[in-house]
Amino acid sequence: MAQSGSAQPRRIRLGMVGGGPGAFIGPVHRLAARMDDRYDFVAGAFSSDAERSRQAGILCHIDPARAYPTWQAMVEGERNRPDRIDAVAIVTPNNVHYGPAKAFLEAGVHVICDKPLTMTAAEATDLVQTVRRTGLVFGVTHTYAGYPMVRLAKAMVAAGDLGTIRVIQAEYAQSWLTETIETTGQKQAAWRTDPAQSGGGGCLGDIGTHAYHLAGYVSGLKAEAISAELSTFGEGRRLDDNVSMLLRYEGGARGMLWASQVAVGEINGMRLRVFGSKGGLAWQQEQPNELVFTRHGEPSRVITRGGAASGDSNIYVPRVPAGHPEGYLEAFGQLYADAAEQITAKWEGREPGPTARFLPTVEDGEAGMRFIEAAIASSQQGGKWLSPR
Amino acid sequence: MAQSGSAQPRRIRLGMVGGGPGAFIGPVHRLAARMDDRYDFVAGAFSSDAERSRQAGILCHIDPARAYPTWQAMVEGERNRPDRIDAVAIVTPNNVHYGPAKAFLEAGVHVICDKPLTMTAAEATDLVQTVRRTGLVFGVTHTYAGYPMVRLAKAMVAAGDLGTIRVIQAEYAQSWLTETIETTGQKQAAWRTDPAQSGGGGCLGDIGTHAYHLAGYVSGLKAEAISAELSTFGEGRRLDDNVSMLLRYEGGARGMLWASQVAVGEINGMRLRVFGSKGGLAWQQEQPNELVFTRHGEPSRVITRGGAASGDSNIYVPRVPAGHPEGYLEAFGQLYADAAEQITAKWEGREPGPTARFLPTVEDGEAGMRFIEAAIASSQQGGKWLSPR
Amino acid sequence: MAQSGSAQPRRIRLGMVGGGPGAFIGPVHRLAARMDDRYDFVAGAFSSDAERSRQAGILCHIDPARAYPTWQAMVEGERNRPDRIDAVAIVTPNNVHYGPAKAFLEAGVHVICDKPLTMTAAEATDLVQTVRRTGLVFGVTHTYAGYPMVRLAKAMVAAGDLGTIRVIQAEYAQSWLTETIETTGQKQAAWRTDPAQSGGGGCLGDIGTHAYHLAGYVSGLKAEAISAELSTFGEGRRLDDNVSMLLRYEGGARGMLWASQVAVGEINGMRLRVFGSKGGLAWQQEQPNELVFTRHGEPSRVITRGGAASGDSNIYVPRVPAGHPEGYLEAFGQLYADAAEQITAKWEGREPGPTARFLPTVEDGEAGMRFIEAAIASSQQGGKWLSPR
Amino acid sequence: MAQSGSAQPRRIRLGMVGGGPGAFIGPVHRLAARMDDRYDFVAGAFSSDAERSRQAGILCHIDPARAYPTWQAMVEGERNRPDRIDAVAIVTPNNVHYGPAKAFLEAGVHVICDKPLTMTAAEATDLVQTVRRTGLVFGVTHTYAGYPMVRLAKAMVAAGDLGTIRVIQAEYAQSWLTETIETTGQKQAAWRTDPAQSGGGGCLGDIGTHAYHLAGYVSGLKAEAISAELSTFGEGRRLDDNVSMLLRYEGGARGMLWASQVAVGEINGMRLRVFGSKGGLAWQQEQPNELVFTRHGEPSRVITRGGAASGDSNIYVPRVPAGHPEGYLEAFGQLYADAAEQITAKWEGREPGPTARFLPTVEDGEAGMRFIEAAIASSQQGGKWLSPR
C-alpha cells in the first residue's frame, strides 16, 4: 500500500548510530524501518566498542566496511560513498544524540532521533536551527504519535468535536524501577538513572516527555506554565523516578501529568484523557486500538482502529483490517513511513502525502527539552509555576 | 446475619433532617437504613416547607405527629417522647448540617451526617468536641468507605502488603456540570453551585472531599501539605467545577488528586491507586466489586468481593455470594450497619463488632473541612503549599 | 419514589416459606422486600425444624406466634387472622415449591417463588392453571430480569432497534462446584446436587434455567427446539455440572447456551449477546450497569444505567443517579417492587404502573420446567432436537 | 535477537503466489516475512492477470524477470535459477492452494500456506504425504498460534497447570457479512461466499477453522465428535455465515464452538477459554497481550506478554518490552520466524530452536479440512455427531 504510482521510488538508504548488542531500542528502529519496505538498512556505528559494532553489522547483514567503530567514522566513511546513506537513526543514550545529529545534518543526511532530543534545551535549539537551515527531514520518535487512534484523537480535537478544551489528564506509569535494579547491572536502568547519560531528568525525561508530548499533540495546545514535583523513591537513585505536575494551557485549559517508574502493577500505562465543552476522549497505550469518545449527553462510543468512524488512510498506513490489533511496532513503523514519505516527496519535488504531517518534529524535541528544564527548575523551587516554552 | 446472639436487640429508632420531595440523598439514606433491618424509621423534618414535610412523612409511613415542620421542632418534639429517636440522619445541604447536628447531639441523639460536614472547619471542630464530650456515635457518610473492596484495600495496606507507601493517585470525575444546568432549575445543581448553601467549595466540597478521604482512608496516611488549583469552566458559575492538586503525605509519599464535574464521558469516575515499595492496588467505584492487587514481580491479581483472598466478615456484612455484584446502596447500607453496631454495642456495654471500626468519623469530617479550606487558600495563593491539618 | 398519590397505600404483609439459619436466598428475599418499603415482613415457616423456625422469627423481629413450624401450619394459622399475610415468598429447595405455592394460592395469598418452579412440568402447569383461576399475582425470581439494563435490552429489541433477530448467545458460568464440595457438608452444594431436592437438573436447573429465561426474555423469542448435552465432571456427583446446548428459535434465529459450575475463573459469569440484522447487544451480570449496543456500521455505544439513552422510569425504579452502581440486590428488589405494584393495583382497581409488566410470570416458570425436561431428554438421546414447549 | 552464533546465515529467498493489488493477506505475509529480517523477498506470481502481476512485482522491488504471470510459470522459472527461491508463500483463495503447494513441494521448495489448506480433505492428505516424503518445511498460517500468550497458554496446559481439561469454549465472531456485501463488488466478500473459490465452508472455513485449531492447539486435545449447525442469514448467500457446534474431546472434555460473520458489534472477536480440574485460562484476540489464569481457589491473575510469569524466549521472539502491545502482525511474523528457524536448522543440520515447534503444521491443515467436511455433513444430517478425524 505504498503511496506511489507506476514507477516505484528506490528505497531510502538508512544507517544507525547505536543499537548494538543488548540494546532494546535499536532493533525496534530497524524493524520499524523494514515494516513498510521503504528503507534499506546499510550502515551503522552500533557501539562505542569497535568489535561489538562489527558483530552487530554481521547480524544485520550489512557490508562489513559500513559497520563503523564510531559515529564520527561513520560520518566520514559515508560522506564520500556514491551509495551513501540518505538517513540515519540515532538510538543512543541521550548524551549521544546531539553530536551525531548535528554532524549528520551537516553532512546532508536526514535524521530520525530518539527522545529526549539532547542534554540541554540550548542544544535542541541549535538542532532546530540546523534543520531549518539545511532543509532536511528530522523526525523524533515519540512513538505514541504513530498510533492511529492517537492521530484520530488529534484530528477530532482539531475538527472541533470536543468544543473548547478544558481539561487534559496525562499519565505514564511504569513499575520497572520499583527496586534499584540499576545497581544490579541492568543496562537500561543503569543509563536511565545516570545523569551523565540521561541528563537532569530520569523518569521525567524517559517517559514524562512522552506524556507531555502526547497531551500537546492531541489537544493542539501549548502549556504556558507548569508546577512540578520530582521525587526519588529508589534509595540512592540519582534521578527522579516519580513526577507530579499541574499544567496551565493556553486558552485556559488545565492539566495534570503524572509519570512514574515505581508504580507497582503498572507496566507501560500511558493514558490520555481530553475533555472539552462538548465532548471527551480517552485513550490508553496498552489497548491502543480503541478510542473512547463521548459527546456530552450521549453514550460513550468505542471507536476501533479501522472500524466505523475511525478516520481513514489520511492519518496512517492501514496494514491489517479492523479487529486485528496493531501495537507498538506498527506505531513505530508509522513514524518511519512518515519520514520516508517526507524524504521521498523531497526527492520527487512534491508535497508529502497526508499522513506525513503527523511525524513529531525537531521543534517537538526542543519543546520536550524545555519541558524537562522547566520541570526540574519548578521542582527545585517548590513547585513554582514556570513556563516550559 | 445480624451480629447478635439469642435475644435480638430492638431496632434503632431513626429520624431524618432533610430528604423531602425531590431530594436524591434522603431516600438513599432511608433505603440504606432499611437494608440490614436494624433501624425503624419513625420521625423527620423533611423540608423547610411544613406541608411538604407532612407529605413526605405520609409517604414514609410515619406517624403524622412526627413529621415536623423544622428540625428545631423535631428536637423539641422528640426530646420528650418515651419512644424518642435514638439516631438522626442529616441529609440537608451543607449549610444545614452544623445546626441540627449540634442540637441533636446535645439532646443525646446519635448522628449520621452527610459531607462536607459543615460550612467551616471551626464548626467541624466544635462538632468533634461535642461528640467527644457526649460520647455519642457520629458517622459521616463517605459512602465509598462502605465498599468491601475499599475496606480490603485499607486492611491490606495496614497489614503491610504494599510495603512503604510511595505514591497515591486519587480522582473523582463527573460530567454533570459540563453545561450550566444550575440556571435551568435543576435543584441539585442549583445548591451545589451556590456558595450560600455549599460553602466555599463546589466540586471540591462535593466530590473532592470524597477522593481526599478515600486516599487517606486506604493509605492510612495523613496529608501534610497540598498545592491546589481550583478552576471554573461553567460560564458564570460561582464555585469551582474542576480541582487539580498535588499532595505531600507524611512519611514522604506523594499524591495527586483530581476532581471534576466537567469531564465529558465520566459519569461517576472515582478511582484510587496506591503504590508501595512492595505492591500496588487499584480500585474504581464504577466496578466496585473488584480490587486489583499486584505484588512487585508477580502478575496482577483481580480480587473480587466475596471471592478468594477477599477478606472476610471482619470487614463488612456479607449479603450475597461472590459474583453477585453489590453497589452503592450496599456500601451506604454498610455505613448504617456500622453505626447500628456501634450504637447497639453501647446499649449492651460491649465492644462493637469488627466491621464497625470502618465507619468514617466526625474527625474525618473535620479533616474534610480543613482540606476544603486549605485547598481554597492554596489556589488563591497560586498553588502555595499549605497544610490541610 | 413510590408510585402513589396523596394517600399512601398500606404496606403488603409478607410471609416466607424457607430462609432459615444458614440459607442464602431467604435473607436476600427479605432485604429485597424491604428495599422500596412496600412490604411488612410478618410471618414465616423458616425451617422444617420448629425450633430453628422460631429462632429465625426472633431474628426477623416477627411475632413469635407467626413463626410457624411448617408451611402447612402457616397456611392454617394465617388463614383466619384478620391481619393475615397478603403475599408469601417461597425460598425453599425446589422440591418444596409446588406444595406451598399451591396451598397459598388456594388460600388467596399472592406468591413470589424461586426457580426452578417445581419438580415437574406437570406441577408447573397446575400452578399456571391455579393462578389463572384465582387471579392472584405470581412472580418468579429470575433475578436478572430485574436489572435495568436487561429491561432496556428487552425494550430495545421489542422496539426493533436490532432488526430481525438472528443469533442469541447465552451463558452462565460459575466455578463453585469444581471440587465435590457437596461431600464436605456445604449445604448449598448438598441440595443442589441431590436429585431428590433439585429434580433432574443440577447446573441445568440452578443456572441453565436463568440463562434460558434471559435469552427468551430479552429476545422476545421462544425456542422451538434444543439439542443438549449434559455432563458431570465432579466425581460421583449425581447431577450435571456442565450443560452445552444448541437452540433453534421461532423465526429462524439460532442460539447457543452454556451453563457450567466447574468453570475455574468464572464466578457468576452470566452473559447475553443478541444479534440482529441491524444491531447487536451485549450484557453481562458482573457489570450489570452497562449495556453495549452497536448499530451495524457505527461504533459500539456503552449505555449505562441512568445515563444517556438508558430509558426511563418506565422500566424500573430509579434509586440512585447514574454512575452509582446498582447490583444484584437492587435487581431483586425490583422484582419485589413489581409484585407490590401488581398487588396494590389490584387493591385499587387500576392498571399497574409500567414497570410491573417486567416481572417474570408463572408461565415463565412453567417454560423453565419444560426446558429442563427437554434438555435432559435430549441429552439422554444423544443430542436429539426436542421442543422445550 | 536472531537465534544464531557468530556467522550469520544468509536470508531465506522467498516467493509468493497471490497477494497482488487489492489483496489483504499478501502484503501481510510480506510484512511478516520482513519482520525479523530472515527472508529476502525475490519472486512472485501475484495475480492471474500477467500485467497486474508485473505491476505488483515493481511495487515489491523485485526483479521484473521474477514477477511471473502464473504460478506454473513461477515453478518453471525458479526451478533452474542458481538463486532460486527457498520457500514460497501461498496466499491465494482456497481453490488455488493445493495446486501450487504440491508443485512447489515437488520442486523442493518449502511452503507457507494459508488456510483452509485445500478444497477437500483428500487433497490435504495428499499434501501431508508429500511433505513427509520430501522432508520439506510446511507451515500453515493459523496466525493466532503466533501470539505469545496463546503459546504460553498451550505450554501451561501441557505443564499440567490446569489439571485435567474439562471444558473448552471457543468462539470467533465478526460482523462484516451482516449485509450481503458480496453483491456490491467487495472482493473479499465475493470469494469468501463463493463455493467455487472457498469450498463448502463459508464462515466455517474462514474463521471456524481458526477457532477449532486454537482450541485443539492450546488444549492439546483432539475432538472425537462434533455436532454442528450451519446457518445462512444473508439473503441469497451461498455459504454459511453462522456456525454453532458442540464438541466431544478425547478424555471426556466437552466443548462448544461458535463462529459468525453476522454478529453486529463483534469485529474480530476470537476468544478461547479452557477449564480444567485445577485451573482455567481465558484469552481474546482483540487484547492479545493478556492471558487470564486462575488457579481454583485463588484470585485470577492477569499475565501480560513479557511480564511476570509470562514464560520466556522459548516460546516466541521477544521484540519489545512488556507493556508495549504486540498485535496481529507480530504474531504473523512469529510464524515466519518459526518457519525460518526450521529451514535454517535444516541447512545447518541442527535441531531448530525451541520456538519453531509452535508453527502449525500440514497435519493441522489436514485436520482443518476434516473438520470442515465433518461439520458440513453433521449439519446436513441435523446435527448428527460425526468424527472430524
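When the chains are written out, they are named A, B, C and D in that same order, and each has its own residue count from 1.
Going forward, a contact is a pair of C-beta atoms (placed from the backbone, for glycine too) under 8 Å apart; a residue touches a chain by one contact, two chains touch by 3 or more.
Every value quoted in this text rests on a predicted model; they were computed, and no experiment measured them.
The chains that touch both subunit B and subunit C are A, D.
For subunit C, the chain whose average C-alpha position is most distant is A.
Work out the mean CA point of subunit A and of subunit D, and you get 34 Å between them. With centres set at the average Cα position, the gap from subunit A to subunit B is 44 Å.
Per-chain CA centroids place subunit A at a distance of 55 Å from subunit C.
Residues of subunit B in contact with two or more other chains: 293, 300, 304, 307.
For subunit D in complex with subunit B, the touching residues are 293, 297-304, 307-310. Listed in rising order, the residues of subunit C touching subunit B in the complex are 1-2, 4, 6-8, 11, 24, 27-28, 30-31, 34-37, 55, 58-61, 174, 267-269, 285-289, 304, 307, 319-330. Residue ranges of subunit D in contact with subunit C, taken from their complex: 162, 166-167, 169, 171, 175, 178-179, 227, 229, 231, 233, 242, 244-246, 248, 254-256, 258, 260, 262-266, 273, 275-282, 292-296, 300, 382-383, 385.
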